[in-house]
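Labels run A, B, C and D following the written order; every chain starts at residue 1.
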Amino acid sequence: MKGLQVELPGLSLKNPIMPASGCFGFGREFSDLYDLSMLGAIMIKATTVEPRFGNPTPRVAETSAGMLNAIGLQNPGLEKVYHVELPWLAQFDVPIIANVAGSTEEDYVQVAREISKAPNVHALELNISCPNVKTGGIAFGTIPEVAKNLTKKVKEVSEVPVYVKLSPNVTNIVDMAKAVEDGGADGLTMINTLLGMRLDLKTGQPILANKSGGLSGPAIKPVAIRMIYEVSQQVSLPIIGMGGVQTAEDVIEYFFAGASAVAVGTANFVDPFVCPSIINELPELVDRLGVDHISEITGRSWKTFEKSNHRA
Amino acid sequence: MIVKELCQITSQKEIAHDIFELTLKGELPNSMNEPGQFVHMKVSNGLDPLLRRPISIANIDKKASEFTVIYRKDGRGTTILSEKQPGEKVDVLGPLGHGFPVEEVNKGETALLVGGGIGVPPLYQLSKELVQKGVRVIHVLGFQTKDVVFYEEAFSKLGKTYIATVDGTAGTKGFVTDVINNEELNFDIIYSCGPTPMLRALENNYSSNHKVYLSLEERMGCGIGACFACVCHTADDPTGFSYKKVCSDGPVFKAGEVLL
Amino acid sequence: MKGLQVELPGLSLKNPIMPASGCFGFGREFSDLYDLSMLGAIMIKATTVEPRFGNPTPRVAETSAGMLNAIGLQNPGLEKVYHVELPWLAQFDVPIIANVAGSTEEDYVQVAREISKAPNVHALELNISCPNVKTGGIAFGTIPEVAKNLTKKVKEVSEVPVYVKLSPNVTNIVDMAKAVEDGGADGLTMINTLLGMRLDLKTGQPILANKSGGLSGPAIKPVAIRMIYEVSQQVSLPIIGMGGVQTAEDVIEYFFAGASAVAVGTANFVDPFVCPSIINELPELVDRLGVDHISEITGRSWKTFEKSNHRA
Amino acid sequence: MIVKELCQITSQKEIAHDIFELTLKGELPNSMNEPGQFVHMKVSNGLDPLLRRPISIANIDKKASEFTVIYRKDGRGTTILSEKQPGEKVDVLGPLGHGFPVEEVNKGETALLVGGGIGVPPLYQLSKELVQKGVRVIHVLGFQTKDVVFYEEAFSKLGKTYIATVDGTAGTKGFVTDVINNEELNFDIIYSCGPTPMLRALENNYSSNHKVYLSLEERMGCGIGACFACVCHTADDPTGFSYKKVCSDGPVFKAGEVLL
């Protein structure tokens, strides 16, 4: 659609809307509902070297304007993703962003090296921020130096641009962003979930079998907007924004904050048709803002421009 | 085919203590082809609550373009649902999942339908379809107490119906399994929906020499197989990587297929 | 009310419910609505050495199940709080917890020394975590060593027990809690607001004049519960929990997580009668849990106990 | 006294494009004693939206135990409010703040009431009370365009009424200040409510030789003076610590009292 095309490292997007990793599986379920080729891109479920079953159930719990999940990176493993899921996805005219996860540096490097060879994988998303995995992985997402080194290692082997997915569970998000920029990242995706918990009112026990989980949905949007606002002013990498996006208006808010594209996660569970709906509604909103192209509004919140008077 | 539709409420009744029978009208019933499937309902327009609620389909009336669900007013979502009036619309996604295989029993054979609490509703549509096929049905329905018993008469019209209550205030005192044992019921197949301990007892006692189909419950996110919230291990690989999703592979499984 | 009395350092509470700092002013407005003596305690608005006007308006913005505020610690200053507000509050039979803020160590020490002398101030709440003040203050709430030293200094001069209010905007909340425990804190209050932002859909500019603000309300409750769950297992200080409490059920969830009392913030704006309502509803909930005293359920989420089977 | 009450909707009408007139019944009107006060309304039961919405009281009918507000359907909250039907209940906190001082003008004198857009509603109750007192009233009401003009007739019944629209589609083309200048209106006091630029113009042009009272608007949290969301500087100390709260000290201030 006119005015929605976006060019990002490795990605030529028809429009800036894509489902977020872990909220769309490998696309099969949604392919029964609409044509996946209409999406800007697809961020597929995290892939690890070996298959993972993930955490025991319950794996989700509802919260006020949000939800907690502790899926635990369930996935069929690199080989099956590479040989079954990606070739299946190749029938659609849509670039794939492969979400790469692991518990050691070697894990990440191996998945990145292999999966970046798939012809329809146009970019990697380095998941250094999954809160639901117990091993040492937390350091990747919270210590700038560790994140930088991991990014470097992955960049060395990847055949496609590498986006790093930042965790919001840090004191200083700008430091993390700068570190992965130094490490050679081509872009950022942010934010992953906030760490949260809910307790059952009868037993007193955590509702999630994993106890804590990742908080997503509209509740976290103000945190994401703030972080993107800060980071986009301090690094020169493009940002794919996410966290609580439900409507085309939310997409505009993310662009204003500094995002160049937007991913939709939890909202796919509330309304499986949400991505096509947003894509349909965007052109009119962009039009109303008086710009020809959605990219023109990226960072408007902090770029100087003629303040329009909007008081009736 | 999965459809998302704003269905109109044609009736909403409290049929037992905190148990509501809700009938909705729309195109959706045209896509409903298996008893035991469920719908995923958004009980409010806004963000509160955020997620949909899975509820089994209890009755399908294609001619009237209506379907019925029966639910217990429990937490925030079902409470909001219970306050809705005829004429209001509800956002329904469905039909979801795989239901009870009616083809697994033949005309003239006997099916035992075992329900517990809010697991009873999907058995109603199933029973109707079985009877229509010429299958003899026996119902054993367990509830906590007299006040929450529902549809006893409706089930009785379709076949012999036993009620059990935990406190003995209606029917037999005890569990459904007690009824099956005491009444020395004979049957060719079991279909069941209810609390996991009940399903486990049926699997343990009967699956070695009967066909047994069980409908499971799990906390859900998407309801369509995308989020991996509702997975369970398969029985042949109880600690491995193989899995089934309750929402899209189930909710009905053959006993022995998944780990209860 | 039977079963609700709570004993905490410096505080003998009729019940464990108190309005949170900044959400109740100095009590005057609410005193027209109900008898303040029915509250467990009152956490008064942050007090600084000098009067502060605070930030320009707009100072609040609504978010999904939450709100952002950037009041900027507006207050009449130590002298007026000490000589006017506290004596006025003395007419009520309710202990006051004085929220102490500043931009330098000296500020904190001076306010703490003076305000702790007021006869109805039974405890201090060290606000090391206000996100809406631009000066170097952020270090107090995010660097364990700095927080520890500040706590020590304040403890040296305070005549009443000192609770330290933790910021959730940190990578590791347990480290912060341990640091202030080492510094001699008598208790913790947690959490303060998450840093967030909202943008106006017409202008693209932040809605708050201060740009970013503190996110409070139900949206943040899962984050608070998770943090209290973690911290209460790692330190031996009592915790006053807060973040999105609206109902008596929420209070129970905080106790399960590890809190010994609970503060109500944003909910006072939605329903100014919320504190008395919660206090009225609590006894029945405590009763239903089968305990004699609400303190018995503190930490139930992680303490071993007979799991009650609650499946119908 | 501030009261929180579930008031029942007795009528809801769209009286101009996206402008709704809502009448509510309850005990609240008994506490309403000043024109220009406002109520703080919760437009839904749940968390979405979370905060109350401040809306001015446009009409008080103590005999019928009713009061009326007029609001523009704008964002999420007012949209939800506009969908409510007679019979439904709304959680209202009020009356809040200090209104227009009717005692500042004497019988036989002339009051100029200047309203802009959704600032017009509170002037209606004010005008009624002034007329009852024997004060002559002149209304100058400004709107964006013809479609959003409301209550022209109701105001006309109370006194001379001028309409101005920005695009000239109704009344005079231009701003309310143009009308006041062009018509060479004479008056003893101004009461006004509307956009800040309008209030500022009135203050600059008339406050040196007239009594001028202005009703302000600010984003609010609590609405009762506790959260400090709505403060403004006092005019005599524009960069200092002295302040007024729009919600509890205002929303009506004497011109020159606070910094606009």
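Going forward, a contact is a pair of C-beta atoms (placed from the backbone, for glycine too) under 8 Å apart; a residue touches a chain by one contact, two chains touch by 3 or more.
What you are looking at is a predicted structure, and each value in this text was computed from that prediction instead of being measured.
Most remote from subunit C, judged by the distance between CA-atom centroids, is B. When the interfaces B-C and A-B are ranked by how many C-beta pairs touch across them, A-B comes first.
Here the spacing of subunit A and subunit C, counted between their Cα centres, is 33 Å.
The distance from the centre of subunit B to the centre of subunit D, each centre being the mean of the chain's C-alpha atoms, comes to 55 Å.
Centre-to-centre, using mean CA coordinates, subunit B is 46 Å away from subunit C.
With centres defined as mean CA coordinates, subunit B is found 36 Å away from subunit A. For subunit D, residues touching at least two other chains, in rising order: 47-48.
Residues of subunit C in contact with at least two other chains: 63-66, 217-218. Chain-to-chain contact here is organised exhaustively, every possible pair of chains being in touch. Subunit A meets subunit B in the complex at residues 22-25, 28-30, 32-33, 45, 51-54, 57-67, 69, 71, 74, 76-77, 217-218, 266, 268-273. Listed in rising order, the residues of subunit A touching subunit D in the complex are 64-65, 311-312. Those residues of subunit D that touch subunit A in the complex are listed here as 47-48, 72, 117-118, 144, 195-197.
Those residues of subunit A that touch subunit C in the shared complex are 63-66, 68, 142, 169-172, 194-206, 211-212, 215, 217-223, 225-226, 229, 244, 249, 252-253, 256-257, 297, 300-301, 305, 307-308, 310. Contacts from subunit B toward subunit A in the complex involve residues 1-2, 4, 42, 47-52, 93, 218-233, 240-241, 243, 248.
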